[in-house]
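Contents: one structure, followed by commentary.
Every chain is named by a letter (A, B, C and D) in the order it is written, and numbering of its residues begins at 1.
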Amino acid sequence: MTTIGFIGLGIMGSPMSGHLVAAGHAVRGFDLNADSVAKLVAAGGTAAGGVADAVAGADVVITMLPDHPQVEDVVLGDGGVLELAAPGTLLVDMSTIRPETSVAVAEAAASKGIRVLDAPVSGGEAGARQASLSIMVGGEEADFAAARPLLDVVGKTVVHVGPHGAGQVVKAANQLMVGGIYALVAEAIVLLEASGVDAKAGLDVLAGGLAANRILDLKRETMIAREFAPGFRIDLHHKDMGIALAAARQADVALPVTGLIAQLIAAGRARGYGSLDHSALLKVIENLSGRA
Amino acid sequence: MTTIGFIGLGIMGSPMSGHLVAAGHAVRGFDLNADSVAKLVAAGGTAAGGVADAVAGADVVITMLPDHPQVEDVVLGDGGVLELAAPGTLLVDMSTIRPETSVAVAEAAASKGIRVLDAPVSGGEAGARQASLSIMVGGEEADFAAARPLLDVVGKTVVHVGPHGAGQVVKAANQLMVGGIYALVAEAIVLLEASGVDAKAGLDVLAGGLAANRILDLKRETMIAREFAPGFRIDLHHKDMGIALAAARQADVALPVTGLIAQLIAAGRARGYGSLDHSALLKVIENLSGRA
Amino acid sequence: MTTIGFIGLGIMGSPMSGHLVAAGHAVRGFDLNADSVAKLVAAGGTAAGGVADAVAGADVVITMLPDHPQVEDVVLGDGGVLELAAPGTLLVDMSTIRPETSVAVAEAAASKGIRVLDAPVSGGEAGARQASLSIMVGGEEADFAAARPLLDVVGKTVVHVGPHGAGQVVKAANQLMVGGIYALVAEAIVLLEASGVDAKAGLDVLAGGLAANRILDLKRETMIAREFAPGFRIDLHHKDMGIALAAARQADVALPVTGLIAQLIAAGRARGYGSLDHSALLKVIENLSGRA
Amino acid sequence: MTTIGFIGLGIMGSPMSGHLVAAGHAVRGFDLNADSVAKLVAAGGTAAGGVADAVAGADVVITMLPDHPQVEDVVLGDGGVLELAAPGTLLVDMSTIRPETSVAVAEAAASKGIRVLDAPVSGGEAGARQASLSIMVGGEEADFAAARPLLDVVGKTVVHVGPHGAGQVVKAANQLMVGGIYALVAEAIVLLEASGVDAKAGLDVLAGGLAANRILDLKRETMIAREFAPGFRIDLHHKDMGIALAAARQADVALPVTGLIAQLIAAGRARGYGSLDHSALLKVIENLSGRA
């Protein structure tokens, strides 16, 4: 049994912390939303009144926060995790943020004797509920080994991909590829439909050849039917494309396709599709040609 | 047994005509390259001295030509298929060309009482040799039914996708998607490597999630190893992106990602990678960042 | 006085042929539209009943046609200019077409002893009426010298830019730059307005610095006011972007920005703005963000 | 005479502060680089030992800093301008930073009774030396009126463009347009040269028509000659494209061309051209086609 301080009990953090309780760990959870904390308590966890309370006595601190400003505040800020956690504590930040922030957190933590992993996830709310997340982990090998039993509780694919920040880079690569494939499927659908071709039949052929991909498998029917209930929201993908471009800037590389895809996803948000599934990128592409 | 005139015995047409001979059909083949004709004869086919000779007495004429100018010449030109073939002949054009040319061929053929299908393939040289091509067919349902037994000899996935030109549109959609996914995989690799992340480990994670696709499955190891033996050459993909953009223009739609991908593939050709596999798009992307 | 056969008396050709008549030349004009021919006759020209009639006895033949299929038909086709014109005739093709067609025309003409220049224009209908066109000429220096007096009648800037096809390449470069600057002005306006900044004040500053350009000078007020009466229509710019990309393909170069701009202009046409001024690219950009 | 605290005496701040001294103002300058401070003293200014010293007794504080982290540190941080300046002080931030930081500074300043303008400049080092900068100012009208006499000392075009942050937005719009026009000129040059057309003659024609722009006027000869001494460095333009995209994100708009241009400029930096003039974007475009 590990004593875990869990900070951030939102859509993702709530089921994840619940799985850790169910696996027999002592989980002390904190969230600004009292209902989320109450839910954890109902599941067998303990309420923490704040960061200090969550961190006190924890072997492992897990953070699952919306973006880098929250991580900077909760981890690096006054009264934050690095100030309050005991030396030797292992901090597993599962938020999706810029790699450079993960590196900065690791450097700041090192000076306090605190160990850190960046461990963003993919798989969305469904993956969190089903404990089937993919988890991409950056940091020291030994720390990965230490965290692995806990990560295995919430994830199905758990991989150590490199040094501090590497988990975030892999997540960024994942998101640019997913966003790009959605755009390509959207362009294919628009071309097929505008040409008077049965899109379903056409995409069936594509799904059987070199163009085959999971998005085509999972989403082509809902896309053709224009059903865009989330799933993973455009707003979140917009945030993630910002991270991908920040990662590219940090790595000093140019990613022209990613640069364009980021703007198309931004268009989705600007057009008011932010709460729809990211497959609603189709609406952006068809609007561009006046077809919706 | 069907009497088939087969025009165009190149890398694709040669094994395809061989399979038709092996399946018991009478194949009279013509190609400007005498060696190709000799190869067909050795396999049990008959040599045709020209288009007239190939077409004479044929129930079905199959054309497998490089691009639309050759189709216009061989099919529509003086001494071409439409001039020489008997009314009732079924012309199956398996070349990858612009949809508008396929439509023009069909219209011209109708006035002569000749039936036409556009039936481009994907799967490349390997698919042709293994008779495992995907074949996307546009034209009349009855003509598709008539051609199907022959198409099944050379293909594994044979789908009727719509009216004249529809086969070409689906092929165009396939090629834009394949080109785009290569670009995305390339950008992911460049980002991972430049960030100091193990690209193999990173792509393994991606291949297990929503970003999963066949190109990642088949090519990620050779791409990371920078092995670019074809496979399907950049030069051919460059031609096909031109078709995709022509199809978009014809359908009056805008495809921004496809427009950019077409230029990146053009860059591959301009940089001298035309004879390499299309996965060499990675070289374009890494050169852009001065990494190769 | 020169005897001129003028083929193509449309929006551009009509005022141009009129200027040549006014300058004292014998102009025999042909157009499929009888009204256009009547207009030339009223201005002092002669009606030609067809290509043969226009070409007979002409020292110089000028063609001003919509696109390359018309040039191929009128110049290269059966009963076309090259078949009917006397050796030594100078053909000045002022149509905007693909460079490769201009080169093909020049090669075909050479075998007949006919001299050719490609001489596309910019400046639009207003430039044609005011005889202030820019004319970019490709071909032999001596032929340029021979044509110059006539070109000076209709143009203000008349430049010999290189061998056959070079005029078309320069025109293509002009159109890609004009299309691109419109897109940039559009993005600037959308950014300013969406940020709550006075677009007029903002663009005034831009027009005074390194970003200064003629489009900003001439069009910023109408663009901010959303007045899009042509001017030069999106449909024509769409055609010209196709030529620019064909020229790039021919020259074996990749033009990524041009590739994207071409799709944005295609979007303008697809959205139904084809008859508006090309400054209506602003509507495409603002629609992308749901702002119109 | 106004007492001015001037923080940031770099390439831009040094000549600007010198002009203010020459105009009769009492300038107390601070910079981490002692040589820069010594230069101001030699010109008749006063050395400030730190932010506190520069701010003490100043009517106006001018900051000219590299990017938003420095502004956040110097202005918002502990021992920063907002902590130390007297209520009623006017802070003129002439740094080029994200609009959102300018807004955040203004909000924080308001709570201390400090007035703020964002007043980024364009015109580069030459403009700073010649006191001919364009200055785009965001903030209250009254504060603009108060600052104007000082801004007129260093600038030629000084315009109030809107509320807090508006100056930064206009600067962002300027930089995206300048970057984009460079890319278009580069694509035109590559197309002309690869087509065997004299680029000089071709661009001369373009400079006389609708494509005319200041970059073509000032830089076409050096670009054709491949002379890329700065001028304004690619590294700085790379930073500014990041600001432009951040501004777009803040304003909730999609800028597809800007998104692509940003990656092409990033490629310039990644390829090692960061210290060259931004016209070296030509090297990126020609490298893409293997022409350099």
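Just so we're on the same page, contacts are C-beta pairs under 8 Å (C-beta built on N, C-alpha and C of every residue); 3 or more make two chains touch, one makes a residue touch a chain.
In this text, all values refer to a predicted model and were calculated from it rather than measured experimentally.
**Q** More contacting C-beta pairs: B-D or C-D?
**A** Result: the pair with more contacts is C-D.
**Q** Return the chain whose centre of C-alpha atoms lies at maximal distance from the corresponding centre of chain A.
**A** C
**Q** Where the centres are mean C-alpha positions, what is the separation of chain A from chain D, in Å?
**A** 36
**Q** In whole angstrom, what separates the CA-based centres of chain C and chain D?
**A** A distance of 39 Å separates the two centres.
**Q** Counting only Cα atoms for the centres, state how far chain B is from chain D in Å.
**A** Distance between chain centres, rounded to whole Å: 51 Å.
**Q** When you check chain D against every other chain, which residues touch at least two of them?
**A** Each of 248, 252-256, 258, 260, 264, 266-267, 270, 288-289, 291 in chain D touches at least two other chains.
**Q** Along chain D, where are the residues that touch chain C in the complex?
**A** Within the complex, chain D touches chain C at residues 99, 122-123, 134, 136, 138, 157, 159-163, 165-166, 169-170, 172-174, 176-178, 180-181, 183-185, 187-188, 190-192, 194-198, 201-202, 204-206, 208-215, 218, 244, 247-248, 250-258, 260-261, 264, 285, 288-289, 291.
**Q** Flag every residue of chain C that touches chain B in the complex, lowest number first.
**A** 242, 245, 248-249, 252-256, 258-260, 262-264, 266-267, 269-270
**Q** Given the complex with chain D, which residues does chain B contribute to the contact?
**A** 256, 260, 266-267, 270-272, 284, 287-291
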